[in-house]
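Two complexes follow with subunit A in common, the first pairing it with subunit B and the second with subunit C.
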Partner chain A sequence: MDLSALASCLITPSCVITQTTSGLIIGLLLFLVAAGVSLIFGVLKVVNFAHGAFYMLGAYFAYTAYQLSGNYLIAVLAGGIGVALFGLVFERLLISRVYGSPVLMQLLVCYGAILILDDLVKIIWGADFLSFGMPSAFQQLPFVFAGGVVPVFYLFLIVVALAIAGLLGLLISKTRYGKIVRAAAVNPSMVSALGINTGVVYASVFVLGGFLAGLAGGLAAPVRSLTAGMGTSIIIESFIVTVIGGMGSVAGALVGSILIGLVRSFGTIGFPLFTEGLMFVLMAVVLVLKPSGLFGKGGA
Partner chain B sequence: MTRSSLLRDSLIAIAVFAVLALLPFIVPGKGFTDFMVRLAAFGIFATSLNLLVGYAGMESFGHGLFFGLGCYSFGLIMQTFPVSIPVAFLATVGLSIVVGTVVGAICVRLNEIYFAFVTLAFQMLLHSLIIAWTPITGGDQGLTGGIPRPPFLGIRLDDYYHLYLFSTGLLVASLLAMYHIVQSPFGYTLRMIRDNAARAPFLGINVFRVRLMAYVIAGAFGAIGGMIMSLFVSGAFPDFAYWTISGEAIFMIMLGGITVFLGPMVGAVMLLLLNDFVTKMTTHYGLVLGLVILLFALGLRKGLMDFAADLWRDRQTPTSGPRPDTAAKTAASAPARAGE
Partner chain C sequence: MTTTDREIMATEGIDVFYGSSQILFDVSVSVTEGQTMALLGRNGAGKSTTLKAIAGLAPPKTGKVRILGRELQRRRPHVIARAGLGYVPEDRQVFPEHTVEDNLLIGEKRGPNGEDYWTVRRIYDMLPLLEPLKDRFAGRLSGGEQQMLTIGRTLMGNPVGLLLDEPSEGLAPVIVQQIGALLRKLRDMGVTVLLAEQNMHFCLGIASHATVIDKGQIVFRDTIEALKANEDVKARYLAL
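Moving on, here comes the complex of A and B:
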């Protein structure tokens, strides 16, 4: 534990800015994954433990697309769309068979799927760490705010992720599709009785979740090293986020993710050995004080 | 559960242990004893998870917390302090009870999905502590340097036959103890809470306390499994605290069946055999095991012993079908739940 280092960081503007941006990046990438987990659970009542593997696939798809095209925009879209399509197949083939099953059954199916996907990634892309490399468009001098260095790519990531979060919020709260999704989360049989094919709604939510996770993978690729199993830590953090923010709430996922991101980035300075542990402490505190999560309705 | 049935079951356990003690002379070779020591570790671990899943309806996804805790705690105590094995053993059980009480107090109030998440999260907390505290735990290299095994009561655990006797003895004793727990009034209280948690308080049951006790008991047995593992590998590795160990335990109980007490043992035998077979045949362990899991989970949807039990019941009462108390609660069978 190194509280003096943390204190001296907190009174230094440059350190605050550096740590805040890195915390925002961790948090916003996490949000893209956690929002999918939360949405899928909210509507389908299925815990997609394989969502971390979706994020991993997004990164690898983006990697290959970048190798082929050299265009980062195409690479990110390839990650998003590739995983969205994969999500569709995954939902139809596996997840649709465990609707209404006990949680452990769902987790078991996802566990099997993760084992397969991690191994497939090793077979296709190799077992070693892969480095994406910074796209040339972002190889510029970093911005400097009050002495704090912020790479251009970090700003880009923050803006894009926030924009996606905003669009997602609008999609869920303002559009007809969002209305149907929210209704299906509350009362699927009524939605079905009104002539809406809930099977299609379920599949579309899964595809949307996959798209977000794939985008997250593509966006994260230049700042993370790619390896089979890279999805594990993010899926566990997503669980923590959904517990903190409240299951099924997009706003809760955003707040929870950013909290986790900041805890992680400032935690590395104050508690270098216990950074991960801090997240769990945060989660335990929320659970004790407000078991339904910060934005959750109903009891946990 | 009467005193005579305890006597009867104890006699059965002693007989089983006697047979197990003789087996290495019939099936020679270190391969067999090694397999049985691993089976003892995973058998106790999986059966203890089933106390939660099958009997209490508490779907923990983080039971590996206790396996890893038992492994590391036992290994570290033996390496650090000049104590005998039974002392380290009891200290580890004590530690797992303390950890189980604290973690359980946070978790057991939660509904099924949150319970699964949060138990998993605590397990990963232990894993990250193990990785981070390299000076104590050896980090991702694991706890190396071997575990001292001072002889006690004439038992020398550096001898593999002694280790075999010790492990299978613990297995039989743990199974006996857990069997008596699930057959006790406490065990039936667990079943009642599982089947109708809303009704239990009206009968004067403190649901929180009963579930917490179940969580702590299951954790203590899980830690015993971990200790056997740490003796077997003569150390401890972060993988023993990783989430996949919980996944394997879940697969074992789903494979063997959760409605029959010995189902998890059957599942442990099946998964260990499968493990050994697959690692011998291919380097793509995850691919093959994952496919088997999917085939099993989506194809059969029930454990082997669940099938056997259903068959047995159908033959006993051909007209009335499966008894409602177990049929409605076969957690591994989705159709039964979906129809509720």
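Moving on, here comes the complex of A and C:
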């Protein structure tokens, strides 16, 4: 523990800016994954443990698309769309069979999928770390705010991820699709009796979750090293986020993710050996104070 | 008010089970165009189960369900709804965390032949008490307001045949009267209705025909006037 280092960072504007930026990036990328986990659980009542593997696939799809096209926008979209399509197949083939099954059954199906996907990644892209490289458009001098250095790509990531979060919020709260999705989360048989095919709604939510995870993978690729198993830590963090924010709440996922991101980035300074543990401490504190999560409904 | 002999919705000899216990035995009900048919019976007689069987929520093991001549037994509820059936459940089942207007919008769809008569505007015109509540969460409405909303939500799907499960249950007399007036309005518009009720008196000014169900079997089928005059059937099968 190094509280004096943390204190001196907190009173130094450049350190605060650097750490806040990196915390936001961790948090917003995490949000794109956690929002999907939370939505899928809220609507389908399925815990998609394989969502971290979706993020990994997004990064690799983006990697290959970038190798082929040299265009980062195409690469990110390839990550999102590729994983959305993969999610559709995954939902129809596997997940639709475990609706209503005990969570252990869902865990087994997803864990099996994770093992297979990690191995497939090794077979296709190799077992070594891959480096995406910084797209040339972002190879510029960094911004400097109050002495804090912020790379152009970091700013880009923050803006894009916040825009996606805003669009997702609008989609869920304002559009007819979002209204139907929220209704199906509460009372699917009534939704069905009103003439809406809930199977299609379920599949679409899974596809949406896959799209977001794939985008996250593509957006993260230039600042993370690609490796099979890179989805493991983000899925665990996603679960912490959904516990903190409240299952099924997009706003909760955003707040929870940013909290985790900031805890991680400032934690590395104050508690370099206990950063992972800090997230669990935060989760425990929320669980004690508000068992249903910050944005969750009901008691427990 | 036009009625014809054309069958709008019907069951033919359906058997329905919950798990291993049989609830409906060889139940046949038929409602023709423009009719308001009362389905009467005591607590637990099988009224709700009959409606759920038609709506696809309690699929029959044997027998047929027809909507506008299409055989739809054991099809999923959304298929049956799109074929022209509207279902209003007994416990209302509004979406509590959606506003009144959003509840209506979720129900919006065209009828089986492209009908698009019902709009939010027309629902508010027919159910004026909903309009000032349009931005309120449906879970915050009174029982009577929720009942109006759930009927309006189903109408938004332009159904040709409407199932109503005890719309007067548990409501204050003045609200029951309003619901009665609404059902008469729908009847006069030519909507075909199958109305499950325990209370025959509520149905008297509304329904033209009556089917009585007891212990999962149909025991009487005639005009509502004939039922009103039949003291024996009333005493044996209805709680009065």
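For this structure, a couple of remarks:
In this section, the second predicted complex is superposed on the first by the 300 of 300 C-alpha atoms of A that agree within 3 Å, B and C clash if a C-alpha of one lies under 4 Å from a C-alpha of the other, contacts with A are read in each partner's own complex, and residues count from 1 in each chain.
Rule of thumb we're sticking to: contacts are C-beta pairs under 8 Å (C-beta built on N, C-alpha and C of every residue); 3 or more make two chains touch, one makes a residue touch a chain.
Just so we're clear, the structure is a prediction, and the values are computed from it rather than from any experiment.
When the two structures are aligned on the shared chain, A:V76 is found in touch with neither subunit B nor subunit C. In the superposition on chain A, A:D119 makes contact with subunit B only, while subunit C stays out of contact range.
Once the two complexes are laid over each other on the shared chain, residue contacts for A:M283 go to subunit B alone; subunit C is not touched.
In the superposed model, A:L108 makes contact with subunit B only, not with subunit C. In the superposed pair of complexes, A:V98 makes contact with subunit B only, with no contact to subunit C. Contact comparison for subunit A: of subunit B and subunit C, B touches the greater number of residues. In the superposed pair of complexes, A:K179 makes contact with subunit C only, with no contact to subunit B.
By the touch criterion defined above, A:V47 lies against subunit B but remains apart from subunit C after alignment on the C-alpha atoms of chain A.
In the superposition on chain A, A:S189 makes contact with subunit C only, while subunit B stays out of contact range. Residues of subunit A that lie in the contact sets of both subunit B and subunit C are absent, per the superposition on chain A. If you check the complex, the residues on subunit A that touch subunit B are 41, 47, 94, 97-105, 107-109, 111-120, 123, 232, 236, 239-240, 242-243, 247, 273-277, 280, 283-284, 287-288, 291, 299-300. By the touch criterion given at the top, residues 53, 59, 61, 106, 109-114, 116-118, 120-122, 124-125, 128-129, 132-133, 243-244, 247, 250-251, 254, 284-287, 289-294, 297-298, 301, 331-332, 334, 337-338 of subunit B touch subunit A in their complex.
The part of subunit C that touches subunit A in the complex is made up of residues 55-57, 76-78, 81-82, 87, 89, 93, 95-98, 102, 105-109, 153-154, 157. Against subunit C, in their complex, subunit A makes its touches with residues 176, 179-180, 182-183, 186-187, 189-198.
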